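You will see two complexes here that share chain A, one where it goes with chain B and one where it goes with chain C.
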Partner chain A sequence: MKVIINSKEYQGLPGETLMELAKRNNVDIPNLCHKDGIEGQGRCRLCMVEVREGKKTKIVSSCVYPIRDGLEVVTNSEKIIAIRKNIILLLLLKTPNNDYIKSLAEEYGVKAPDRYVDYKVKENCILCGLCVKACEKMGTSAISLINRGTTKKVSTPYDDPSKDCIGCGACAEVCPTNAITMTDKNRIRTIWNKEFKLVKCSVCGKTFTTDEALQFIESKLGKKEERICDSCRKKIISEKFKESFKYF
Partner chain B sequence: MKIDNSIDYNQLSNILNKYKQEKRFTLAILQDIQTEFNYIPKEAVFHLAEYLNIPVSEIYSMATFYKALSLTPKGKHIIKVCNGTACHIRGSNILIDEIKDLLKIKPGETTADGLFSLEIVNCLGACALAPVMVIDNKYYGAMTKEKIMEVINEYKEAAYD
Partner chain C sequence: MAKGLVVSPDKCTGCRTCELACSYSKSDTFNPKDSAISVMFYEDVGLQVPMTCLQCDEPHCVKVCVVNALTKDEKTGVVNYDKEKCIGCKMCVSACPFGNMTYSIRLKEVIKCDLCKGDPQCVKSCNYGALQYKELDSTLDKRKIIANQFKEAFGEGAI
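Our next item is the complex of A and B:
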C-alpha cells in the first residue's frame, strides 16, 4: 500500500492508521491523546491532517483514519496549522498554567488574549482519556470519565478510594500534561485518594511498584514474580547477553 | 416525608432478574432503577457491576452522563420548567425565580421534604402554551407567577392531607 505524506512516498501496512504509519516513519504529527499500544481515540483532534482525493481535500484525525492505497496526505498546510493553533488556544484557556500546554503554545506562537484567560485556574487535565484507556488495558478500570459538558472529569467512582485500583501508576505515566498526582513517600504511594505499600527491588533496593500491583500481576500470571525493578531486570539481561557472546 | 437512603434489595433483584447478565443491558437496567427508586443508589451501582461483571467505574460513568439518571434522590414530583426560546421570551425566568423562592431550591435540587425536584429543560415541544411547566406528566400552559403558587399548593395539600 502506497501512501504519500508531504510529497514523499511511504509503504503502508494493512490495518494501519495514518498516525501509526507516520510514527513508524518518523513523520511528526503533533498529538496529545495517542500512545503506542493504545488504539486511537480521536479526542484531542491535534493530529488533524489534510487528505487529498482528486481535487477534493478533507480534514481528518490521523490517529483514527485508516490508510488506503494511493492516499495523499499533507500534515502541515496553512489550513492545518491554523486548526492546530485554534485547538492549542482552547487548551491553553482550559489549562493556562500547565507547563506542557504552555510549551506547545509557545512552539506554535499561540498567545491567549489576556482578557479571556483566568490565570487562577489550576486545571491540568485536558480530558484526553489516555489514563482511562491505560487503566482499562491494565485490566483494572478503576477510573473513568465522569459527568459531561463543563463538569466532565476523570476520577474513581464517587471520588472514593477504588477497590479496583492497584496503585500501578499507569495513568500518571501516560498523562501528557502530568495532571494526575501520585506521591511516593516513606514507602507509601498515594494516588486517587488511596494508599499503597511500595515494594523494594531485591537488587538495587529502590522502591518500584506497589504490593497490590504485584499481587494483581501474580494472580493474572498464576505464578510468583521476582521483586526486581525494570532497570535491574534490563541489566541482568544484558549481562546474560554478554556472557553468551564471550565464547564466540 | 423522609428520604430513605437504605435500599430494598428485593426490589433491586426484581429489576435485575428481568435482564440477562449482559453488558448491553446496562442503560436499560439503570433506567429501571431510576424509575423504581427515583434515583441511582450507590449500593445499586456496585450491585449492578457485580451482576453484569463490568467495572464499577463504567457504570458510574454512564450514571453521571445521562440527565435522565440521578445520583441523588429525586423528589416525589418533578417540576420541569421550559426555558426554550419561546418560553424564555414569554418570561420563564420569572417562573423559575418564583419556584426557587417558594421551594427554596435551585434547579437540579430537591426540597428537604423530598416532595419536589426542580429541573430546567430546553423546549418541551409545546411552544404555543409558553411559558410551560410540567409536573410529573401534567402540562401547565401560559403560566404566571400567581398560578404557580396555586399549583404548588395543590400538590402540597394532596401530600400532607
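Our next item is the complex of A and C:
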C-alpha cells in the first residue's frame, strides 16, 4: 500500500492507521492521547491532518484513520496549523498552569488572551483518556471518564477507593500532563483515594510494591512468587555466580 | 545458535566502565542507576560479578507485559523492549526472577539489556575480556565438553 505524506511516498502495512505509518517513518504529527500499544482514541484532536481524495480534501484525526492505497496526506498545511493552534489555545485555557501545555503553546506561538485566562485554575487534566485506556489494558478498569460537559473528569466509581485498582501507577506514567499523583509515604501508597500498604521485601525489609500488584503477577505467571525486591533478587543470583567462580 | 553476552567474573576488575557505557548508550547520561548492567562486589573472595539480563527462554517479563512492549525475538533470542508501547505499570520489574529490570522514574521507561541491537557497548568498553559477545555453545557442544572431561578421567592411561 502506497501512501503519500507531505509529497513523499511511504509503504504502508495493511490495517495500519495514518499515525502508526507516520510514526514508523519518523514523520512528526503532534499528539497527546496516542500511545503505541494502545488503540487510537481520536480524543485530543491534535493529530489532525489533511487528506486529499481527488479534488476534495478533508480533515481527519490521523490516530484513528485507517490508511488506503493511494492516499495523499498533508500534515503541516496552513489550515492544519491553524486548527492545531486553536486546540492548543483551548487546552491552555483549561490548564493555564500546566508546564507541558505551556511549552506546547510556546512551540506553536499560542498566547491566551489575558481576559479569558483564570490563572488560579489548578487543573492539569486535559481529559485525553490515556490513563483510562492504560487501566483497561491492565485488565483492572478501575477508572473511567465520568459525567458530561464541564463536570467531566477521570475518576473511580463514585470517587470511592476502587476495589479493582492494584496501585501499579500506569495511569500516572502515561499521563502526558502529569495530572495524576501517586505518593509513596511511610510505607503507604496513595492513588485515586485508595491507600495501599506497601509490601516489605522478605530479605532487606525495604518496601517495593503493592500486594495487589504481586497478586496480578502471580495470576499472570500462574505460580506463587516470593516477596523479594528486585535488588535482592539480583544479589541472590550474583551470589550463586560468585560461589561457582570462587575457586577459579 | 544465537549470539549472546558471556560474562567471566574471574576476569572482571570491577572498574564499572560497562555501567557507564551502558547508561550513556541507553539514556545519554553517565548514571550507573540508569544502566542495564551492574557489577556486584564480593571483597571477601576478591570477585566482581557483572549482572545483566539473561535473555530467558521463557521470560517472566514478557508474560506479565499487557501491551506487548516486551517481546522475545525468536531468531536472535533477545528480549526486546519498546518504550513507545510501554505504559509504565512496572510489573516486569517485580516479575523478573533475577532483578535485572530497572525502572527509571526520570526517563519514564524500563532500562533493560537488548544487547544494543547486536552491538553491545558494555563489551566494547570492557578492556579485560570479562564481557564477551560471541556465539553461545549449543546443548550438543556442552554435552561434548562434559563427555570430553569424562573421557579424560576414564580413558586409557587415566586409571
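Here is the rule we use: the second predicted complex is superposed on the first by the 210 of 248 C-alpha atoms of A that agree within 3 Å, B and C clash if a C-alpha of one lies under 4 Å from a C-alpha of the other, contacts with A are read in each partner's own complex, and residues count from 1 in each chain.
Quick note on the criterion: a residue touches a chain if its C-beta (ideal position, glycine included) is under 8 Å from a C-beta of that chain, and two chains touch if they have at least 3 such contacts.
No experiment lies behind these values; they were computed from the predicted model shown.
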For this session: Considering only the touch criterion stated at the top, classify A:E173 as touching first (chain B), second (chain C), both, or neither.
Result: second
For this session: Would you check which partner chain A:C232 touches, where first means chain B only, second means chain C only, and both and neither mean what they say?
Result: second
For this session: Mind working out whether A:S144 is in touch with chain B, chain C, both or neither, as first, second, both or neither?
Result: first
Exercise. In the superposed model, does chain B or chain C contact more residues of chain A?
Worked result: C
Exercise. Taking the superposition as given, does A:Y158 touch the first partner, chain B, the second, chain C, both, or neither?
Worked result: first
Exercise. In the superposed arrangement, which partner chain does A:T183 touch: chain B (first), chain C (second), both, or neither?
Worked result: neither
For this session: Would you sort A:K246 into first (chain B), second (chain C), both or neither based on which partner it touches?
Result: second
Problem set entry | For the chain B and chain A complex, residues of the former touching the latter | 42, 45, 55-61, 64-65
Exercise. Where on chain A is chain C touching in the complex?
Worked result: 23, 35-38, 134, 137-139, 168-170, 172-174, 208-209, 213-214, 216-217, 220-221, 225, 229-235, 237-238, 241-242, 245-246, 248
Seminar exercise, completed: The answer for chain A against chain B in the complex is residues 140-148, 156-158, 162-164
Problem set entry | Residues on chain C engaged by chain A in the complex (per definition of touch) | 7, 9-10, 38, 40, 42, 45, 47, 49, 51, 60, 63-64, 66-69, 82, 84-91, 93-102, 108
